[in-house]
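What follows is a pair of complexes built around subunit A, which joins subunit B in one and subunit C in the other.
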Partner chain A sequence: MRVLVDISFIVGGPQGGGIESSGQIALKAFVVKGYNVLGTREYHSNIMGAHSYFHVRVTSGPARALRIPVDLVVALDAESVLTHINDVRKGGYLIYDLDSTGVDATRIASMEPSLKSRLRRLFASMNLQPTVGSAVKVLEERGVKTVGLPLKDMLKKVSDTLGTPIASIAKAVNVMGLTAGLYTQGVSLQYVNKAIEAQFGKRPKVLAPNVTAARVAFEFMEQNIGEFKELPEGPHRGRVRMIASGNEVVAMAKIVGGLTFETFYPITPASDEAFYIEANKYLELGELSRKLELDKIPVVVLQTEDEISAINMAIGAAAAGARAATSTSGPGFSLMNEAISMAVEMEVPVVITFWMRAGPSTGIATRTGQQDLLHAIFSGHGDTPKIVLASGDHVEAFYDAVKAFNWAEEFQTPVVHLLDKYLASTITVLDEWDLDPHKVGISRGLRVESPPEGYMRYKISDSGISAFAPLGSATMIFSSLEHDEHGFASEDPVDREAMVEKRLRKFETIAKSIPEEEKLALHGDPSAKVTLVSFGSTKQAILSAMEELERDGVRVRFLQLRVLSPFPSKTVTDILGDDPGIVISVEANSTGQLAFLIRAHTGIEVKHLIQKLNARPLYDVEVVYGVKRILSEGARRVVVSGGA
Partner chain B sequence: MARKWMDYKTEAWVQWCPGCGDFGILASIHRALAELDIDPRRLVVVGGIGCSSRSVYYIRGSNVHVIHGRSIPVASGIKLSNPELEVVVVGGDGDLLGIGGGHLVSLGRRNIDLTILLFDNAVYGLTKGQAGPTLPVGVKTKALPFPNVQDKVNPLLLAYAAGYTFIARGYAYHVNQLKEIIKAAIEHRGSAFVDILQPCPTYNDLMTKEWYEERVYYLSEEDPLWNPRIKDPEDYLKLPKIVEKMMEFGDRIPLGIFYQDLTKTTLEDRFEMQMPGYRKAPPALRPISVNGRIPVHPFKVFKENLIET
Partner chain C sequence: MEIGVVKRLRGGLGCFNCANWLPHVHYPFAGYCTVWGGITFEDYYCAKHVMMSVDVEWFYWCATCKVRLTREEALTHRALGHRVVRGAYVDPDVREEIYEG
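Showing the complex of A and B:
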């Protein structure tokens, strides 16, 4: 039997110092070696200097969720050693800069004052100064193997070898750190070099210092740590795979899914999606290029003055017939509320890609959360039902991004595609079959390019849907005031009631048209007496936790809500049944928003919550811990707090 | 057969107060459209909220009536998605300079080929006469319990600073002259801004028909050689005079075309330059699928994300 490989590691260092590239190189080395990976970037709202880290899980099976404690921490500066002091497991490795040994936590300007206090207390309780040296000592006592790299000397060696000044290759310390780290996990130089090339391309100027640095670090490890044991190659060798973040996967889906018009206002963590679309706005798109007789097909991407403009421009574009979208996060979505209400009233198809982050207010702009579920559903004044769907992982996000467009146009309604910062900045590896364009088509609903004489924009129909004719194809009025069938403003009570009923019928049509299996998924043993309910990016952590719970003899099923509006009330009621057993909602918000929604729609009270509130990703071990505590103690609410 | 101004009327009841300046502006628009012979199906009038924005119901076109202050972004989305359409924004000073002021500025930076017709009466009529962004400080119109404590903005200078390439001012009751200004604005390639002075007989009892008519005059009448066109860098010498005229607003109020810069590219031009084919296959009209299918596998397109294992 093949031995299951399951490695977790963290690469930490100062933001802006190449830490993201280092993390990606490490991740790519394992991909080249034939493994699945999942890697997320945790960073401060800061350009340069604050602590940032890349957290990776490598497995031979599906790489579902991040895990702590990790097998390896590569700490490229003093702050990383101290920040991650509790994150490395017994028997694991700490790689650190030997020159940082004397650094005192209280002297690190960029470190959060609260963390400094916690470290002071921790070390004081052991009669130690809060230094890197003390941290190394503590970790060694805990059974962690520590390796101090003389990075300065090693860098000099690289500089001497290449005959270039140290200052020009200073960033190569990153590669030295990660190569040393990968040595402990059995990744040899050839894979590191391939990953470096995959990261930086083949430009010799960038390649040479990094490849030399990797070799110097590898040799240091051979001389000082002992024999290298090569990790066997993983099962995913010999093919072309894709490495992409959630931001990128959604951007790709939008482009191939027919996006023609995208607006945005810069906001973390949505901007990287718009950036990717901007960078890829003019591409050859296979058969479509041939059909249009254009080598490259343009997508209009525009940075607007604010999110109000972003959504309103997208709405204008959509009324003109474009497949239009905007992307944002919580604060921007707040600004979009009024226009979302308008899109409901005007019956305009528009997609809002909503990357949730930690609120309220500006909160923590660069960290994750699931606090905007109700915000998305109830956005907009005055009875404004809309479609809200939430993706659980990269693959779902790909198909959902296309479906969001289809539903928007089929039902002439705003669609909110709910994602979060964790998915945005989490990189995964995908195979060609993961993104199968045949799995979802492109449909535009009841669209008439040349409407007949007497066309009425809001013609009353049984389904609540009227034919959509783009602006410029007939005289008509799209109206954000209450209107008659033509679109003329009307305060007539009969017109008013008819239009309210029309929109209501349309929402019922939506509820009936979207298949139940697209609205939710029931994972695990359907007869299990413990049900986890959740939505969004908690999916894979829960699936991973279920495997572990199963091994411990705890049978759990997982009800994943995919479409939150219209809510699949009947199916959820049927699944939970008269005697729902123990139902636990797993959410990264404090108010139990999904539990609220389930109770509102089904009357079923979700009595238990596993909550993540510290704005870090949910780890599978936390779900395991939460379930066990609820089962053993009957805890109503378990707050899990992992992550640095 | 050429169109007549009646062809641009709709069956909707025009709900403005008797004597409202909006009637004169509407008549000028109808006549300008007829003289330009614009196909109503290709005409998109976008209005926000306020008396004047209601014009979207009174002009035959393929029109959009949006929420307060957002007509410029909606119109921008329409125009950029289908550059062949003739897109005209109508709105009051509250809508375009107050709640929508940020968008007004941003449009200037973009120079999208849009026409902005600002119905400027210095009051919020529909909500019963509150002070608008062009009402001077210290004056007390009849609806205000105390004199206005906030000063006015200068719409022309704002448009100039923002980068509009066509800036004019008209007067509501000079239907013929205003018609000519609107025609020039529509025909201009780029963002055109027309400030249209307009009495509100119901709420603005200070800036009345009489008040305006004692003050207004035409730039070209005073100076027969007045030429607002900037065709090349040498014409920049005209700018101090143009700006000086924009600043004049008191006992005398100039009307006419102040400024028309023909040297600037539009945003549509820039898209076409960056992405040849944009005008041929604009966002609103181009096919997006091949027989309802996604046209290409992501692995064939996003090659930078691929890695060999």
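Showing the complex of A and C:
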């Protein structure tokens, strides 16, 4: 019988101090070993220096959600030891820099003052100074195994062994800490080296110091910690698999979905998506290549001067017939509001990929949140119905990104693809069949490339949809002013009413045309009396929590809303029924935006909320905790606060 | 004597207080010797050692606070017992460790 492997760990250090490389190496080591992985980057918005960490879960089953407390914390600096003092479980490991023992929290310049105060209070309550040494002592008393690495001496050994300058101090330090950490989890040097090779490829100047650093750390652990116990190979050993972040998955989907024009203004967490498209942007032309005497054409990726330009240029490209998109997050989306209205009025098929982050305003720019659901749905002025769809995981995000283009063109309307920073920064392992580029296909809707004489861009139809001819293919007008069927500006009351009704009918057509199974999903036992409702990236934490709850004898079902606009009112009403039982909305916002939406569309009041407000990812254990508290105490609102 | 090979402090002198040495921005026990052109460690010493001072107008680096300092600020940080050096060393591939957005 195969043993269930479920390992969680954190690698923490200064932002820009090698955490990215070590996190990626860790993920790759476990993937090569045959396991499923999920890893997210939590980083500070100060660009360099403040505390950042990679949080990873490794399982032989599905790696759905991150979990705390973890089995291992690798702390590359003093701040990481102190920040994660409550994150490692009894029996777990702390790997830290032995030379940091005397560092006092109050002297760490990059540490948040509030955290310093909390640490001072915590240590004062135990009559201890707030130092790394005290933290190590506390953790040891809690049953955590601590390993102090003499990082300086180990790095000297690496330097002496190489006989040449170390290319990157940060990478070597991280690899040493990580290798020591992985030793405690049964990952041998062979797998660490494979992961280092996969990470740094054909760069001998980077590869050699890191392979040496790994060996030095592994030997240190062998000499000081004792016998190494190899973790057995996982169920996927030997398979070629891909690891990708949410940003990368969406970028890939846009390319296979026929994107030809992407605009962006740099903003966290959207920019990485555009950068990935820029780096991998060539579309294979297939049969067209002979006709055009070209093998491939590039996607135009344009960094504009601001988000207003980004959306307007995407609208212009879409009007001219390109598959066009822009990518942004909350602050940028705010600037796009006026243009979204224009796209609705002009009936232009533009896609806006909206990566939510923690607001309001610039808020915490590099952390996650789900505060923009209503912002997305109600964006734009003057009756601007649009499609809003939200993806729950990497696979959904891939197919949704393609669907977004299809729906935009089929219904000639803006489509907002709602994602978030957690999904953007989270890396998972995928099989080839998870992301099938042909599964969704490309549908461009009612389109005329050569419009006939008398073509009317806004011809009234029963469906509300008129044939789309690209701008420039005939004499035509795309107008942001209210217009007649030709597009000529008109303030005539009959024209006005006809166009408002046309756009409304189109929205009704959208609601009827998108299959219900694409609008929502009901997970778990359909007859369960406890229903969790949610949208977006909370999906995986909820699914993982449901397994835990099931083991504890609590039967729950999960209604995941995928298309939020047009809202699937009838199906949601049917599922929740006259006697909805206990309905709990799980959301990373304070106002219960999904609960509001459900009540607005169905009249059903969602009486309970599990909310995550601290801009960190939702953990499965938090959902379990929230559900149990609501069931035992009838709590209306449970705020869960995990994460550092 | 080859620079950067003596591995013990000599009379309280070492790379850590050498004006030719830039400690790593995140892991200041290692750093870059501007004379040797390579990585050395805080407790290395060589004959090219030049005692670190804040006598001239310069933008200094406080390795304790991880901030850039004017000379005036450097004097204050020094008085507080902070580790003030000529500058910090940033790995040439630091770009790979910083997220674009």
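Convention: the second predicted complex is superposed on the first by the 625 of 644 C-alpha atoms of A that agree within 3 Å, B and C clash if a C-alpha of one lies under 4 Å from a C-alpha of the other, contacts with A are read in each partner's own complex, and residues count from 1 in each chain.
Quick note on the criterion: a contact is a pair of C-beta atoms (placed from the backbone, for glycine too) under 8 Å apart; a residue touches a chain by one contact, two chains touch by 3 or more.
Please read these numbers as outputs of a predicted model, since none were measured by experiment.
Legend: residue contacts after superposition of the two complexes on their common chain; A:Glu432 is shown touching subunit B, with no touch to subunit C. In the superposed model, A:Gly286 lies in contact with subunit B only, and not with subunit C. Set against each other, subunit B and subunit C touch different numbers of residues in subunit A, with B touching more.
Of the two partner chains, neither subunit B nor subunit C is touched by A:Val395.
In the superposed model, A:Arg241 lies in contact with subunit B only, and not with subunit C. Of the two partner chains, subunit C is the only one touched by A:Ser159; subunit B is not. Of the two partner chains, subunit B is the only one that A:Ser480 touches; subunit C does not reach it. By the document's definition of touching, of the two partners only subunit B reaches A:Lys28; subunit C does not. Using the contact criterion defined above for the overlaid structures, shared-chain residue A:Thr304 touches subunit B, although it does not reach subunit C.
Judged by the touch definition given at the top, the superposed model places A:Arg41 against subunit C, while subunit B stays out of reach.
Considering their complex, residues 13-21, 41, 43, 47-49, 76-77, 99, 107, 109-110, 151-152, 155-156, 159, 165-171, 173, 206, 266-272, 275, 366, 425 of subunit A touch subunit C. Of all the residues in subunit A, the ones that touch subunit B in their complex are 28, 31-34, 198, 236-244, 248, 252-253, 255-261, 263, 280-289, 291-292, 294-300, 302, 304-306, 308-310, 312-324, 338-339, 341-342, 346, 398, 402, 429, 432, 435, 437-438, 440-444, 470-481, 487-489. Chain contact summary for the complex, subunit B toward subunit A: residues 12, 40-42, 44, 46, 54, 56-57, 60-67, 70, 72-78, 80-82, 84-85, 102-103, 105-106, 271, 274-278, 280-281, 283-290, 292-302, 305-309. Interface of subunit C with subunit A (complex): residues 7, 24-27, 29-30, 37-39, 41-42, 64-67, 89, 91-94, 96-101.
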